[in-house]
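Have a look at the structure below, then the notes.
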């Protein structure tokens, strides 16, 4: 009996919280079906009189979504591979290897996170210019190719793993690379996937950088491309919401698929010892 | 070791993509063709501007013009970064609040020669606009358009209250009375919105009363004068005394354009740049219209204008000059007016623009150009305006009286202006 | 034999250590550290524009210390930090623990709680501005139903910061929930099974198993939440109009930096403000790193 009432309470808590969480999202969906006049009512209306699919059609006609999706895909892949791989390496080094300068390096990692990102924009632009990659996909990948955030995150993960495993493997003659690749990475899978999700997320939401470093609309990823829907004085909100939904559904899909992966189906950690 | 190879391969291919991506992006000039870049921020005007550039390309088959539209919020950061890197677009749209920075640092191409060579008569452009783009006797931008502040109103609300629509006979008194009559507090409808805005707010009223925001050739603040104080008192009274306007604070919560679009405001003071947006809104297209501003001691409105400037370091100076000369021509401005993009700064096209959309009585803007006052401009304008707005917030809230507020504004603004002079 | 092994270990570590940190180190230095150094240098200069600068020594810092706006922004930032940080951490951990259980529909819940993180910022701003609106907002309407008059959430200078805090907390929960979920996976399920067999209550299990073992992730969340709180900018930018009366008592140091560097064209002064902010964050983070040993179980 106790278990049932506890579950009931948990559901209640989660649902009430969930409503507040989902509200803007529901608003986006509803607004994407409104007419322009409906969306500017005061007080705001909730439901459109009839769902205007034309908003979606208009947005798809106005903007090169194909190019947006492609650019975003490439940008995400580039950033995820780079940041997960390089962060895992650096994180493992900070967590388990001993060498002079390790703590200095980690301090730099932390310092990067403490600096407001707007500082980086102009210097990174100049760097991209010098590398000759302005207005291209590599420019989109550039700021995300290494990740201080990822390094710190994965360091915590590696530190949380029992060191007996490594000692055992080392006794059997494995070198650092083997230990890293064959033992530690699989164990830190949930951390790697979490980092992958976050990197994808940051890449998706990056607005300022793509707009600054790329000039033609065909080189834009989704978020930046959508900014073209925002006029200086007036914005067609229904269209903007339709466009935003078209832009984020891949992100939601990625999350739905991967959250299962890293919650369930992960080998027990250290339990086999 | 297999894994090692795999990882190395991945890293190398990652680097490879970077390099390849860089190579595959050659947007250089091929053969005899020259490509110019044209930067602007206005997504509304983009189609109209594109038509103008197309016409230019037709006449100049060797030149292609690529338009780069960056939203306003990112435009200036990007322009500054590009300019710092020596990568400024060939033609840039300039705004009067940013032009000083670029002119004083010699980032823009001087145009006196161009004007002379092409016999461009500067008096053919609306007065005052070119001044924001002139530095030390050299012109740095071709005036592009003229923006004007007018009185937008809601016909339906006027009909309901049984009042005649605003027209050129309106004085400050008629305006105030109408606002009161149009207010229906129970229904949440107000006659006017006296918000803490400068250009589209109380500045027109200051000039209508004979006051000035800056005096002495823009080296001192003109706020601490009786004319300014009377104008401000008139403006604030809409809320304070008459209750025909929401409070400035309420207007910050829900702004006046939003309320106007929702049919909650009978009249607002706003620029002609709202036209495209208002046209697209079905409710406004049906129920709104625009009139000249009421008359105080004199007629006055605020005008402003964008300019077309060129990079001083452009790799194609000859072609860039050709494009600028074209943009200053009647042909280009005819297209600009026809497509409803904006009122060209080149005189004579106001009616063309006005008739591009007959939903609204747009010719009132053309009429008002005659007595337009150029937007108060000086090299520390941004800072001065920020101070003014912050202090005015306290005047609107009643914390400071109009006298105290204007005295303080004058003091602080004078200090800033003295610093940079 | 032990000595030889230790000797090898060291060399192995040196080689792989440096190799492993190489890409990240190079990237960070080029992309982030070098710009940061440039910014620090800039704070001692006055910018004339486009890379032209004039050395003015400590003048920017002197101005900073006497600037009322800076002092108020510091207070605003501290209020934001003190209120939001514990709230975010406690709520996210609570939600994550709940989401880690095998309840019906837990995947759906997880996705719903993640939605704020992906929602378009403009949609988020619209919805919250509507909810907090004085005239017709949901919050004040609900309050009036129980007989209370709500304040002007976004335009009252004394209240605005708390509205911003609420939105900030709301935005951060989905994020940190994912982090905690990942960290919770590292805790062997056997521990919970054993505890169940022993008859431990849920509370006991939480405090004796979950909490101690999730400390590595908890440390990460605490450090990053603190850093993010002190850097708060987006949520203020979205919710409060720049010319609003409430801005003075809401703007954070990061917002002030943005205003001076990018709007008022005074990059030197803006840089001084951001260096000031950086020092504060540095101090607090260094403190946390030192205290790490006292409560984090590795």
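Just so it is clear, A, B and C label the chains in written order, and each chain counts residues from 1 on its own.
Convention: a contact is a pair of C-beta atoms (placed from the backbone, for glycine too) under 8 Å apart; a residue touches a chain by one contact, two chains touch by 3 or more.
Note that the structure is a prediction, hence the values are computed from the model and not measured.
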{"item": "Topology of the chain contact graph, where touching chains are joined (line, ring, star, complete, other)", "value": "complete"}
{"item": "Interface with more contacting C-beta pairs, comparing A-C to A-B", "value": "A-C"}
{"item": "Chain centre separation (chain A, chain B; CA means) in Å", "value": "37"}
{"item": "Distance between chain centroids, defined by C-alpha means - chain A, chain C (Å)", "value": "16"}
{"item": "Multi-partner residues of chain B (at least 2 other chains)", "value": "11, 77, 80, 84, 254"}
{"item": "Numbers and ranges of chain A residues touching at least 2 other chains", "value": "42, 122, 142, 145, 177, 230"}
{"item": "Contacts with 2+ other chains: residues of chain C", "value": "23, 135, 262"}
{"item": "Chain A-touching residues of chain B, taken from the complex the two chains share", "value": "3-4, 7, 10-11, 14, 17-18, 21-22, 24-25, 27, 37, 41-44, 66, 68-74, 77-78, 80-82, 84-85, 87, 254, 257-259, 261-262, 264, 273-274, 276-278, 280-283"}
{"item": "Residue ranges of chain B in contact with chain C within the complex", "value": "11, 76-77, 80, 83-84, 101-102, 104-105, 107, 188, 196, 248-250, 252-255, 382-383, 386, 389-390, 393-394, 396-397"}
{"item": "Contact footprint of chain C on chain A as seen in their complex", "value": "6-7, 10-11, 13-14, 17-18, 20-25, 27-28, 31, 42-44, 86-87, 89-90, 92-94, 97-99, 102, 105, 108-116, 118-120, 122-124, 127, 142-143, 145-149, 151-153, 156-157, 159-161, 170, 175-177, 180, 190-191, 193-194, 197-198, 201, 204-205, 226, 230, 235, 237, 240-241, 244, 247-248, 251-252, 255-256, 259-260, 262-263, 266, 268-271"}
{"item": "Residue ranges of chain A touching chain B (in the complex, touch as defined)", "value": "35-37, 40-42, 78, 81-82, 85, 121-122, 125-126, 129, 131-139, 141-142, 145, 177, 181-182, 208, 211-212, 215-217, 227-234, 236"}
{"item": "Residue ranges of chain C in contact with chain A within the complex", "value": "5, 9-10, 12-21, 23-36, 38-39, 95, 98-101, 103, 107, 109-124, 126-128, 130, 135-136, 170, 173-175, 178-179, 181-183, 185-190, 202, 213, 216-217, 219-220, 223-224, 227, 231, 233, 254, 257-258, 261-262, 274, 277-278, 281-282, 285, 289, 298"}
